[in-house]
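Everything below concerns the one structure shown next.
The letters A, B, C and D name the chains in turn, as written, and every chain counts its residues from 1.
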C-alpha cells in the first residue's frame, strides 16, 4: 500500500524518465525541447509534492488553522519555471536560426552536414 | 648582491643579449665569466641565497671546495669559449651559451635537489640551441633526439627527488647513496647526463652536429655537471667503479674507427668521463681529488682539442679525417696547440693529464681494485691511440689532402694558445691545481718510477703505432657511419613494426594477412579513434551525450547504494 | 679515397716560419730518423726498468717491462680489435637518412673558409665538396 | 559604509550594466560601460579578498533578511579567489574582445553581445559568492542562458548547433542539480549552505541525502565538463567567437568546479563524500582516464581551438584528480591549478584568437612559419604552451609539482606517474604546433598570404598582461600557493 501511497513520486519518476527517453531517442530538435520540458516539469512536481503537508491547508494566516503546507517550495519552483520558460525561448530561437542555416531540424541530418564541413 | 650571484649574472646577461649590438654582445660574453668568477670567489664557504619558494627552502649558492673547483673551471671554460667564439654574430647562440653556462654553474652551486633540477633542465633546453644553430634539417633532428634524452634525464631526476622527498622529507643535495627507488631514479638521471654505457649515445650523436663554437661550449658543461652531481651524491658507490671502467674501454674502439674527428673527440670525452666515474666510485679523499682534478684538466684539454678541430672545420668545411691531412703547412699554430692537447689527454709527463689521471689510478690501486686499475692502464694506451695520435696525425700530417686553408683566425689562435699554456702550466706546476682540490693533497706526481712507467707505456704504444702503420695494419680512414646504441632508436625501433610483421608473415603464411592487418590496424587505431571524427573526438550529438549522462547516473547510484 | 688528389704546387716560401720548421715531416728519410730515435728511446726506457727499482702497488706491476708490454700489446689489440669492429658496424653515410649529420656537407653559412693558395686548390676543393 | 556592501556590489554592478547596454545600444559605448563595470568589479573583488584575508569570513544578508529566511552571501578565501579570478579574466578578455567583436559579430548586435557578457559575468560571480544552495541554481541558469547567447554569436553556422547542444546538456545538468537541491531540502529543511552543512550529519542515513548526492555529482560533472560528460565542450569552444571562448575557458568550468568543491567539501564534508559515498571510485577514474585520453586526443586534432578545448578537458581531469585526494595538499594543488590553468588557457585562446584574426582560420597544418609573420603572438603561444606542459618557471610547473607531490603524499604513486605520462602527451601536442609555427618553412605551392601582420595592440596587450601574470606566478609560486592553501584549509575546516 505504501508504494501506491507515494503515487505522486511515481508520477515524477515516470515523467522524468519519459523526458530523458525523448532526449535520447528523438532526433527532431523540437521534440527534444518537448522532452526537456517534460523532464523539467517533473522536477517542478517533485518540489511541489515536497511542500504538501498531510491535512494542511493553504499557508494563509487565519484563525483556527493549525497545519498548513510549506510555501517555500512553491516559491522556489516559480523561479525554476521562469528559468525553464527562458530556456525554452532561447532554445526555440536557436532552432529557428538552425533551420535557416541548415534547412533541417533533424539532428542526424545536421550532424552529417557538419561532419562534411569538418573534413573540408 | 643576490642578483650578482654567478648563475644569475649569466642569466641576466642573457636577457641583455637581444638589445645589444654585435660587438658589445661578444664583449659581454667575454666579461660575464670574469665577473662571474669574481663573484664566485667573493662568497665564503657555506650556504648563501637561501630563498623560500614553493614551500621549500631553496639554496641557490652552496659553496664548498668541491663546488668551488667546478665553478672555477666552468667560468674559465666559458671565458675561453667566448674568446674562441668572438667572431660569432648570432644572438641565439650567444644567448644559449650564456644561459647554458650560467645554469651549469648554477647546477654545481645548487644546495638542494629542486634547485639542481631547475638548472638541470635549463642546461638541457639552452644547450640544444647550440645544435639547432646550425640550422640544417639534420641538426634539427639530432637536436630533437638530444633534447628528448636530456629532458628524460630531468624527468627521472624530478621523479626521483619527489620519491626521495617522500621517503626522507628532505630535499638537501648531499650524499644520497643507492638506498631507495628514489635515489636509484636520481642516479639514472645523473647517469644519462654522464653518458653511462648504453645511455651514452646522445653525446656522440649531438656534439658533431653542433656549430663550430657550439661544440666547444657543449664539451665543457653537461657531462662535468653530471660528474659533479655524482661526486656529491654517490661518492663511494661501488657500482660506479665498474660502470666507469667499462666507460673507459668501450668508446676507444669506436673512436679508433670513427671518421668524423669531432665524433672521435666525443667518444674520447666519454672515455675520459670513465676515469672520473671510477674516481667517484672509489670515493676516497684521494679518488675524489682525482675526479675533480681530472674534470678540471679535462675541460681544458678537451676544449683545446675541440677548438683545434673546430678551427680546421671552420677553414676547410669538413672535420672528416678522410678528407684532411697535411694541414700543418698552413695551420701550424693550430697544429701545435692540437699537439699540446693531444699530449695532455694522453697524459705525457709535464702535461696536465698526467698530474690528474695518476691520482685516480693510484686511488684505485691502493684500494685494491686491481682489475679496474688494469683496465684504466689499458684505456690510457687507448687514449693515446685515438686522441693522442689519430687527431693530430690524420689532420695535420699523414697523406697530404691538398687543402691549403689559411691559419685559424686571430681570436681562435688566442683562445687556443691560452688554453694550451694552461694545460702545460698545470702539468709543470701541479701544486696550483692541487691547492684547489676538495681535500688536502699529499701526492707527488713526478716520482722517477711514475714518470718511467708512464713513459714506457706511451712510448711503446707509439712504437706499436709505427709498427702497425708500417705493416699496413692500421685501419685506414674511411667515410661512413659507425653503428652505436643509437641504432636501437634510430633504426631498429622505427623498422621493428614491419620487421615483426614480415617475420610473422614468412613463417606463418596462413596468418600472414591477418597478422599484418592486426599490427597495422593497431597502430592506426589509436590515431583513428583520436582523430577528428574518431570515437574519442567525435562531434557528440545530444542523444549520445544524454545517454552517457544516464549511464553515468546509473553507475553513481549503483556505487552509492551498494 | 681512390682518387687521390694530385699534389698541389706549393710555394714553400710562403709558409710561416713555424710551418717551415715542420717541413721535414714530408721527407721519408726524416721520418725514418724519427722512428729510429723512438726505438732508441724505447730501448733505453726498457733497460732503465732493470736498473731503477719501480715502486709496485699492483700484482705484476713490478715485473720489468710490464708497462712496455702492456703499452705495446694493448695498443695493437685495440687497433686490430677496432678494425674487426668496423667490419660489423660500418655503414655508408646515408644509412640513417639521406639528411643525417654524417652525410651533410658543412653548411657554408657562417663559415669563413679561406684558402691559402687560391690558384690550384679552389676548383679542386669545390669539386670534392660537391661530391 | 561601502566596505560593508562589497558582496552585494560584486553582483549588482554587472547586473545593472547589462540593461544599460541594451538601452544605450551603441557599440563602443556599450563596450565602455561593460569595461567600466568590469573594472569596478575587479577592484571590488580585490577588496573582498583583502577583507577576507584580514578580517575572516564575511556573511552578508541580502536585503537585511537574516540567514535561514533570507538569501545570504558567504565569502571566504576560496570564493574570494574565484571572484577575483572570474572578474579579472572577464576584464582582460573584454579588452581583447573589442577588436575581434568588430570583425566577427554582426554590426548592430554588439550591444546584445556585451549585455549577454555582463549577464554571464553576473551569473558566474553570483554562483561564486552565494551562500544559498537554490541561489546557486538560479545564478547557474543566468550564466548559462547568457552563455548560450554568446556562443550563438559565432560566425560559423556550427556555432548554432554547438550552442543548442550545450543548451540541452546545460539544462539537463542544471536540472540534476535542482533535483539534488530539492532532495537535500526535503531531507533537512534547509537551503542555506551553512545550515545544510550543520544538518546533514543528522540526516546522513536518509536515502534522500544519498539521492541528492548522486544527482549533484552528475549535474556538476556535466557543468564542469569532467570526462565522459564533456561532449558539449569541444564544439562550443571551437565555434564560439574567440573572445567568448577565451572568457569561458578561463571561468565557466572553473566556477562549476568551485561549486563541486563547495558541495563535496563544505556541505557534505570530505568524510561523507569520499568516505561513506566512495566518490573517488567514480570521480577519480573519470578524471584520470580523462586527462590521459583527452591529452592523447588533443595530439590528433587538426584545429587549434579544438586541440585546446580537449586539452582543457584534460586539465579539468588534473583538477578533479587533485580534489579526489581529499587532503589539504591535494585541494591546494587543485585550487592552484584552477587559477593557473584559468590564466594560461585564456592566454592560449587569446593567441589563437590573434591568429584567427589575421589568418582567418586555425587549421594547425597550414600555420607553417607563422613565427616570421606574427612573432609576438607565436611567442605568447609558446610561453603559455610551456606552462601547459609544466616546464619549470611557468605556472604549470607549480601546479603539476604540487599535484604530484600531493598524490605521493597520499601514497597514490600511480596518479603521480600518470600525470607525468599525460604531461608527455602535452609536450607532443604543444610541440607539434610550435614545430609547425616556428620551424617549418612555408610550402612553396601555397601562395604567401599578403600583408599578414602582427595582431593589433588591443589584442596583444591583454594577452601579454595574462602572460606576465602567469610568469610572475610561475617564478614566485608561493603567492598563489599560500592563498590556495588558505582556501583549502577553509574548505576542509567546514563552516565556522
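Throughout what follows, a contact is a pair of C-beta atoms (placed from the backbone, for glycine too) under 8 Å apart; a residue touches a chain by one contact, two chains touch by 3 or more.
All values derive from a computational prediction rather than experimental measurement.
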| item | value |
| --- | --- |
| Pair sharing more residue contacts (C-beta pairs) when B-D is set against B-C | B-C |
| Length of the line joining the C-alpha centres of chain B and chain D, rounded to whole Å | 44 |
| Distance from chain C to chain B - Cα centre to Cα centre, in angstrom | 25 |
| Between chain A and chain B, centroid-to-centroid distance (C-alpha), Å | 68 |
| Interchain centroid distance [CA atoms averaged], chain A/chain D, Å | 27 |
| Chain C, residues touching no fewer than two other chains | none |
| Overlap residues in chain B, where contacts from two or more other chains coincide | 532, 539, 541-542, 546 |
| Residue numbers of chain D (touch at least two other chains) | 164, 168, 172 |
| Interchain contacts, given as pairs of chains that touch | A-B, A-D, B-C, B-D |
| Residues of chain A defined as touching chain D within the complex | 23, 29, 32, 36, 39-40, 43, 46-47, 50, 72-73, 76, 79-80, 83, 86-87, 90-91, 94-95, 97-98, 101-102, 110, 114, 117 |
| Chain A-facing residues of chain D, complex | 134, 137-138, 141, 145, 148-149, 152, 157-158, 160-161, 163-164, 167-168, 171-172, 174-175, 178-179, 182, 185-186, 191 |
| Touching residues (chain side chain B, partner chain C) in the complex | 87-88, 90, 134-139, 141-142, 208-209, 211-212, 252-254, 256-257, 260, 313-319, 322-323, 328-330, 332-333, 335-336, 362, 365-366, 370, 373-374, 377-378, 381-382, 384-385, 397, 399-407, 409, 447-449, 452-468, 473-475, 478-484, 490-491 |
| Chain A to chain B touching residues, read off their complex | 20, 23-27, 32, 107-108, 111, 114-115, 118-119 |
| Contacting residues of chain D [partner chain B, same complex] | 164-165, 168-169, 172-173, 176, 210-211, 213-215, 217-218, 221-222, 228-229, 231-232, 234-235, 277-278, 281-282, 293-294, 296-297, 299-303, 306, 310, 391-393, 398, 401-402, 404-405, 408-409, 416-417, 420, 427, 439, 476-478, 481 |
